[in-house]
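What follows is chain A paired twice: with chain B in the first complex and chain C in the second.
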Partner chain A sequence: MRRKPIVIPSDSAAVTAAVVMRLYVVGGAPNSVQALANLEAICQRQLKGSYQLEVVDVLEQPLRALADGVIVTPSLIKLSPLPAAQIVGNLSDKSKVQRALGLEEKIW
Partner chain B sequence: MKTASSDSRTETDFSETEAAFATFIRRLIQDAATLRAIDSGEVDAILDPVSGRAILLPEAREALRQSEVPTNQVLATLPREEYQRLRAGLELVTLTFGDVLHEPGELIQHIYFPNEGLLVSLLTLVQDRMGLEIGLVGSEGMVGLPVAQGIDTSSVRAVVQGTGTALRMESSQFRQALETSPALQRTLHRYTYALIAQITQTAACSRFHQVEARLARWLLMASDRLQSNSIHFTQEWLADLLGVRRVGVTLAASALQQQRLIQYSRGNITILDREGLKASACECYQKIKDIFDRA
Partner chain C sequence: MNEIKRSAPQPLSKRATGIEGFDDLSGGGLPRSRTTLVMGGPGSGKTVFSLQVLVNAARQRDEAGIFVAFEERSHQVMANAATFDWDLPALAENKIYILDAHLSPTIVQSGEFDLSGILAILKAKKEAMNARWIVLDGIDVLLTLLRDPLLEMREIYRIRDWLADNELTAIITVKMDSQTSAVMNYGFMQFMVDCVIRFDRRLEYGVPAHRLQVTKYRGSSFASGEFPLSFGLSGIEVAPPEPPEIIHEASTERVSAGFERFDAMLGGGLFRGSSTLITGAPGTSKTTLIGKFAEAACQRGEHTLFVSFDEGADQIMRNLSSVGIDLNTHVQSGLLRMYSGRTEAHSAEEHLIKLRALIREQKPRCMVIDPLSAMAKAGGIGAARAVANRLIHMLKDSKITVVISALIEGNDPQMEATDLQISTIADTWIHLSYLVRSGERNRALTIVKSRGTWHSNQVRELVLSESGPMLTDVYSAGGEVLMGTLRWEKEAEESARQKQRQAEFEHKQRELEFAEADTQARIKALQLDLQRQQAELALYTLDGEARALSSSERENELRRIRGADLATRMEPTATSPAPCEAS
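For the complex of A and B:
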């Protein structure tokens, strides 16, 4: 389940290029759970129609993380659109995440 | 260590190990942002490029160890011995909003025991649209109940709401485990009865009750299962679950807010007055709750 990317089909309102992300986590560990929840909240509000998020558990696939240059979890990688960006930690700093994803810094 | 007690040695060893680990981390990581994240406790694990393995930090390790004690109530009611037998086949997974666990007509690969904080909606699909919610499963239950009855395909779509963990097991393995676990059989019989009652009541509710009363019911049910007064959702999502137009949910939510029963902001609802919300909810809430409490 968690290796399957969550693909949210774009609706007619949002025809912008999809943001493709990969989040490296340790399933069930507090910061990883937090990072997922924080990222989800941002994506639901600002990327409604168009994003792909793949969640990778490093206890299962450590080599993939290393190949991606990931050295700690949680780590979020924005793969597309370019430029790629990486951000570490539990993603509780909303504006930092928004900047990394190239989003408008909105305060809800 | 100034105290000369017998365990001062182990403490010294421990802090030496910690210090060595800290040095190791600093040598491994030169990036300032990453070090800051580690220092502020925002990191769960470090990947060691030499061994190619992930090393858990102490807090994450402790959290994972604790999660081995299930917060799922079906599992928690089992005698220790039965649970130990089951445990080998259970895998802890993190699930996120929108994950589809089961699809109508498809094979049920895994059954899930949600831990505290995870909610799963059971939906019937109407013309491939996002479906109407007919059941809500939290840490009191199990997702994939047909497997316990010997049926291997799902009749509903099971979708995760929010983010949380669950213990899951492969269906075939679960079926075998169930045969040798009488306590699990009994618990699941009672849960099946309660879930069927919930589904039946929900069907009547969708047909006969007003949106505001149904929204109040849903919030109470979700809050019971999450064991939290704070619920995260979007209005679109709730409108789909309740099978009404979004504006219906908006109006109902603002009516409840005006009565100071809930506070709604940024996709989060906080229940302010539980008793008041119960009074606004349709009778279905209490009926379903009574059945679950008795079962």
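For the complex of A and C:
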């Protein structure tokens, strides 16, 4: 299975404040599928759609992954807001993902 | 007979590593398109070995390779490689790709991950470069993040399948506890891969010793022992103790061993490219003999390397000049290179590397090492033996005629075998010893063995003089060779006897000459007598004839005068004057 990079558009008004992320996956590998599902769940619940996510399939764009320093998959890179962060794994530990994405404050 | 056609089993295809010694002991290198596991403790040489394989493949066969560094950053790998003569930055442009697979400590981990991403990247890289080799260095660093042995195993099998699909000849390095020799968590990998190499680093007598052992090689024979390895300028060198095949050329050319009588004793000198061992207790003139050989080589105009241990070059030259051996001139002309090594705290391997570099530099035809036994001082006898063996084989390969000295304590001929066991591989073995008799200590030289040539079986006395070493004539008395004063006495006695014999002979000769002259004189006197007697006899005979003639003439005259005979009348004018005149 090959995926096109998917961009889930956010509300155009909230673009400036949006979280920009890039998720590197490998086709339909179980960990990759799971990571995407986990990430979408977190985003839906806590970002309420004000986020930008690009999903890159390493099988299709290996050199791009290389340039981004991706070694293992799945790998999530938070590009903005700064500081940048990288999370590896299927994102099953949600609290760790939230902390890395800087979403903790918004829980309260 | 049933004729069953079977396809002949294909021998395992191998790829040479180009690492000196390793290709010999592994029977040709690493298995092609298969995976080799390299295990070892910290600092045992795993990374150097793996990287060197890539470097050699790129430089010698123009094959590209990928180095995946899980443990170090790529610039660290480059910096570490700069100690070798690989010129890695140049190769890194298009032949060796170093992938930085070092996970930053700031990375957050959440849940399981897998290596399919990096394998996809590597596949793309491999196809772009047409790589044949891949090294996964320190993969355990990444896999331990999974914190689950089963998951780690799953990833390792993923790697194995990927490597098999991509036809890459792979090296995977993993750490091994150097104390317990247990591979951390990855014991099963030894069963999974086709070839397993163990690296070991330990201290022997306070000097680090590196070892390598092939513990598994599917479908191939291999030398299964532990082999010492050393780090040289071009990386790792492995020392197989005995090369599978010896292919030294045997020359019949003779070179002088230093001086004429010594050559004569050896049946004409040493063979070119042979190795000679001189053993002896301290002070038996090993260095002098060695120095003489070096000087003779320089005088022939051959490049020579003089290696000494624990004694400075200047001191050696000064000492040798006292016995008429001049090395200084040759050092100045560049023909002779002196090198003095310090043996404490330097292992034999390090010395070997240094000697190798010197040989490359000086390109000698003759070489001397004085004494080789010093190499065993630090680092244990086992390593030194292997090094001595390799050194001699290496010199033979380069057709260098070498004379080596080795110290032997004691004079017992049964103990003449050397610690380094080089006496078995040396072609010629000369033993120097002391003979103590009549309050004297004299040096004796024996040829214990000399392969392929006639040699004297006699013990000779070695005498040092200002004009150099020499071997004296031998006197044996009562089954022993006489030396020193005893020899001198014997010589003096012999010379006195000779003089007496000469005098006696001369006397007798004179006597005989006198007798001969006497006889000659007597012969002459007798001859004179004889001549006189003959002359007398002749005179006497003549007188008699004359007398007879005159009497017959008188008779005829009488007859004529008397006219009595007819015959005289018939020729009166011819025979007789007119009768009137005669009266």
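Definition applied: the second predicted complex is superposed on the first by the 87 of 108 C-alpha atoms of A that agree within 3 Å, B and C clash if a C-alpha of one lies under 4 Å from a C-alpha of the other, contacts with A are read in each partner's own complex, and residues count from 1 in each chain.
Simple rule for what comes next: a residue touches a chain if its C-beta (ideal position, glycine included) is under 8 Å from a C-beta of that chain, and two chains touch if they have at least 3 such contacts.
On a predicted model such as this, the values are computed, not experimentally measured, just so you know.
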item: Which superposed partner A:103 touches (first chain B, second chain C, both, neither); value: neither
item: Touching partner for A:55 - first (chain B), second (chain C), both, neither; value: first
item: First, second, both or neither for A:28, with chain B first and chain C second; value: first
item: Chain B versus chain C as contact partner of A:18, first or second or both or neither; value: neither
item: First, second, both or neither for A:79, with chain B first and chain C second; value: neither
item: Touching partner for A:40 - first (chain B), second (chain C), both, neither; value: first
item: Touching partner for A:71 - first (chain B), second (chain C), both, neither; value: both
item: Overlap of chain C and chain B interfaces on chain A (superposed complexes); value: 26, 29, 31, 58-59, 62-63, 65-66, 70-74, 87-90, 92
item: Chain C-facing residues of chain A, complex; value: 24, 26, 29, 31, 34-35, 38, 58-59, 62-63, 65-66, 69-75, 85-94, 96-97, 99-100
item: Chain B residues within the chain A interface of the complex; value: 28-29, 31, 33-34, 37-38, 40-47, 49, 52-54, 56, 59-60, 63-64, 67, 92-99, 101, 110, 162-165, 168, 232, 234, 266-267
item: Chain C to chain A touching residues, read off their complex; value: 99-101, 103-104, 106-118, 120-121, 123-125, 142
item: Residues of chain A that touch chain B when the two form their complex; value: 1-2, 6, 8, 25-33, 36-37, 40-41, 44-45, 53, 55, 57-59, 62-63, 65-66, 70-74, 87-90, 92, 108
